[in-house]
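Common to both upcoming complexes is chain A, partnered first by chain B, then by chain C.
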Partner chain A sequence: MTIEFVGVEKVYPGGARSVRGVSFQVREGEMVGLLGPSGSGKTTILRLIAGLERPTKGEIWIGGKRVTDLPPQKRNVGLVFQNYALFQHMTVYDNVAFGLKEKRVPRDEIDRRVRELLGYMRLTEYANRFPRELSGGQQQRVALARALAPRPQVLLFDEPFAAIDTQIRRELRKFVREVHDELGVTSLFVTHDQEEALEIADRVLVLHEGRVEQLGTPEEVYEQPETLFVASFIGESNVWRRPVQGGAVEVAGLRLPVDPAIPNGTPVAVVVRPKDVQLHPADREEGQGQILRSAFKGAYSACFVRTRDHEVWEVHVPSADRHLLSPGAWVRMDVHKFFVFPA
Partner chain B sequence: MRFERIALHSLLAGAMLLIFVLPLGAVFEQAFAGGWPGFVRAVTSPIAVRAFELTVVLAVVVAILNTAMGLLIAVSLERWRAPLSMALDAVIDLPLAIPTAVSGLMLVLLYGPASPVGRWLAGHGVSIVYTRLGILFALVFVTVPYAVRALQPALQQLDRREEEAAWTLGAHAHRVWLRVILPALRHALGSAFVLTLTRAMIEFGSVVMVSGNKPMQTEVAAVYIYGLLENYDQQGASAAAVVLMLLCAIAFALEGSLLTSLARRRRHADPLKEREEAHV
Partner chain C sequence: MSRLSRPLGVALVYVWLSVFVVVPWVAILVGAFAGGWASFWHSVSSPEAAFALRMTLEITLVTLFINLALGVPISFWIARRSAPGWRVIQWIVELPLSVSPVVAGLALIVVYGPNALIGALLAHAHIKIAFAFPGMVLATVFVTLPFIVHETVPAIRAIGDTQEQAAYVLGASPWRTLWRVWLPQLKWSLLYGMALTAARSFGEFGAVLVVSGSIVMVTETATLFVYQASVNNQMQAAYAVSAVLALVSFALILVLQLVKRLGGNRLRDH
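Entry: the complex of A and B
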């Protein structure tokens, strides 16, 4: 099912504006990650889709049907919460069967569907347990099975892995992606963990202060950020604010060309990814900066270089070349790629 | 240090002895002063049996009414944030703050034959004061805070997301109440019921003012005991007191065992196995 937001605004009683004129479209069978810092409106967007909040302005469409005023019971949307929100007084079996019973599905069919899902989620042996008797990962699988049982047209996850240990979290998000691929149900998930969003989402919706900053594939938001916020929020970046001088910006002794139409003196922000800088050993005279320290990160080392302007750059160097970078050494910097945004 | 601990324990043991053990012992000793036949005779007299019946029936009715009303008040305080909820929150404890005899007096003054309300009600064939209805009013008034305060914290602790999950799974408001909220509140509802039940069974002050204390008609157990004592029948009063305490103990025990058995039944009901057996 497709999901479409058209100029959606949400103002809470008291005047707090959580979502400001948001418009976007999610394609059929797509998995979209809603990424943004706290207070960016990502959970509100999820709740608006589920029908748990009503928009103050704008329209919401699911599968070509306008659902703006439809209550959550009639939207056929599955929701998985961060804290699982399992019914504590019900067994795993009854939790999963809940939605089917509400839809008055025949008893035998409920039983068949619940068994099928418990098997699929590797939970059969826990059917008779109560949620409090399960681990966080198991509870989250029960929550997923419960949401999937009534065959929702859209599946929503609100920070689904936030309360789970790192190792289990990795396995679980892989599992969620597999479930998504197998069932082909349109899914949206909220996260503030960009690694999570970039890893499992088909596209990422980056939000900031209730506005959409960019909707694109993980590669697009990383390699072609459309705003300064996206460029600095996704992945590591060096951000320098400078005025334009003669069609270029001078950073660390380098002249980086910008759009010639930008008048002299216009302040801009230059964003350089650490991977887009190459370091070369140099002597004191020609060196642009001095190595402060480097940190081993596995495949690469994060190297911090202090320029003559006393600015510190983060540069990623293949770990194999790490021995060239002893603290105090002078280096020359080549910038392969950079982004320029209005400051 | 050791001496201090011994002194503290002795003090506590002495206090327990003085406050609980000795008075209770005295009641039991008096109750069985005439042996088992004497005890049975005292508690099976028609007046005593009627007083116990009235006490239990009224207490059960009050407990049902107040558990429902307590839930409604707690919900309006915690969920609906009604305009007057702050005032209601303050007023709800009033019956605890004023002497129960004064509560009874208030009802007599409001609904008594001398008051305009009482006269109006009498004109429509309804009399409250000196009837069982009056006792019911008094007991409802005196015990309602127990129900509200037992339910309020449980409501505060409910996870709203469980309800939201239920909505998205297709459950409408009344079904969410039936299948999610009320089961989650079952312990608190049980506590509210038993607290109001036992409190209603032992209430004296307000009832003695409004009931008229007519034997076989409006005399409840606590007032019956007082009447026996006034007539110097200490053995009869003690025997009735033992029965009243027994009734309260049964109420508490029933609550405990009901909750345990509920939990056990859920625990052992294996839905998969049940279905398999049904298929066979």
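Entry: the complex of A and C
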């Protein structure tokens, strides 16, 4: 099922404008991650798709059908809530069977489907437990099974892994991706964790203050950010604000060329990713900065370099070369790649 | 000081309880059964007493039904603070807790009495409210409405609304959601509120007195009967019906405790 937003606005009663003129298209079978700071409208967008909120303006299409005014009952969407929202008075089995009963599926077919899903989610032995008797990860899987039971064609997840520790989180993440691929559904998931979004999403929708900043593959939003916000929000980055001087911007003693059409004195923001800087040992005279400290991150180490004008850069160097850069050492910097945005 | 005051306080409470609670209860039971079971039964089954007791029971049942039908939506209304006017509704529901039942009854007479406009109009349609069963039910409903609402509103707030939304997304209509998601989880709060409602309607006196006019065998409830009998110095009859009322209250207190015990664990889990 494709999902399309056309100029969607949502103003909550009380005046909070949480979604402002949002348009985007999600393709059939795609898995899209929604990324954005707190309050940027991620949950609101999911609720608009599920029909739990009505847009103030604009249209929503699911599978080529206009659903703007359709109630949630008629949208055939599966939603996994952030806090799971399991029915507290029902067993795991009854929670999963809920949607099927509402669809008046025959009893023996319900039973078959529920047992199949519980097996799939490794929950069979918990069928008769109540939600309060389960761990966070188990509740999460019940919520997922409950959403999947009526065979929705669109799956929505609101921070599905928020309350789960890293190890299980990684497994569940892979699991959700497998479920998505196996069922051939279209999925949207909200997350605070960029790594998560970049890892399992086909495309990432970056939101900021209720607006779409960019919709693109993980590579695109990382390597070709379209706005300053995306460049600084996705991945680590060094952001420097400078006026343009003679077709270039000066940072850390380097002159980085910019579009010559930009007039002198125009303030711009230069974004440099830590991995796009190379450090060379240098002596005190020719060095552009001094190593402050470095942090081991596995394959690479994050080095913090203080320049002569007292700005601190984050630079990633292969951990193998780490010994060259002890605190206090002077270094030269080469910038391979940078982005320039209007500031 | 505190070593002494503690047992002293406990002793005081017990003395107070026995003087003001236990002794009167025992006195009523003794009075009721002084002439033996036969004379108790004779008093209770006299046409006037039996009529009064039945009327009280009928009013209580109808009141319970109306309070459930009104109380549940009103509770949602107040708990959600969404619909316009929820403050007004809350204020109206709270009113009986501070207004004297006699005043409430009088207010009903002013509106529905035969000399008032609405009352006259209804009388034209052969509907009698004041000095009749409907008025007595209205008065009792007014007095007892706070109980169910008070128990249910906090429960609704504690459960929140995400389960309801999950049900909608899974295809359940609002009615089905009420039936399958809300009511099972509000069950204990509703039962508790209903037990309180029943206890109060059994014992209601002031509002019903004013509205009913207390006509023997027509609009006389059990409490009104007790009052009339004691005023007329028919103490045996007064004691007997009082004993029935007391025993029912006692049974309701037991039910309340039971509901609290059974439902308490569930309620706390939310």
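Going forward, the second predicted complex is superposed on the first by the 343 of 343 C-alpha atoms of A that agree within 3 Å, B and C clash if a C-alpha of one lies under 4 Å from a C-alpha of the other, contacts with A are read in each partner's own complex, and residues count from 1 in each chain.
By definition in this document, a contact is a pair of C-beta atoms (placed from the backbone, for glycine too) under 8 Å apart; a residue touches a chain by one contact, two chains touch by 3 or more.
Because the structure is a prediction, the values reported are computed rather than measured.
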item: Three-chain arrangement built on chain A, chain B and chain C clash or fit; value: clash
item: Chain A: partner with more touched residues, chain B or chain C; value: B
item: Which superposed partner A:304 touches (first chain B, second chain C, both, neither); value: neither
item: Partner chain(s) touched by A:88 [first = chain B, second = chain C, both, neither]; value: both
item: First (chain B), second (chain C), both or neither touched by A:132; value: second
item: Chain B versus chain C as contact partner of A:111, first or second or both or neither; value: first
item: Which superposed partner A:50 touches (first chain B, second chain C, both, neither); value: both
item: Contacts of A:77 with chain B and chain C, given as first, second, both or neither; value: both
item: Shared chain A surface residues [contacts with chain B and with chain C]; value: 50-52, 71-73, 75, 77-79, 81, 83, 85-89, 98-99, 102-103, 146-147, 150
item: Complex contacts: residues of chain A adjacent to chain C; value: 50-52, 71-73, 75, 77-79, 81, 83, 85-89, 98-99, 102-103, 132, 146-147, 150
item: Chain B contact footprint on chain A (complex, rising order); value: 50-52, 71-73, 75, 77-79, 81, 83, 85-91, 93-94, 97-99, 102-103, 111, 114-115, 124, 127-128, 130, 143, 146-147, 149-150
item: Residue ranges of chain C touching chain A (in the complex, touch as defined); value: 159, 162-163, 165-173, 176, 180-181, 184-185, 266, 269-270
item: In the complex with chain A, residue positions of chain B that touch it; value: 159, 161-162, 164-172, 175, 179-180, 183-184, 186, 266-267, 269-272, 275
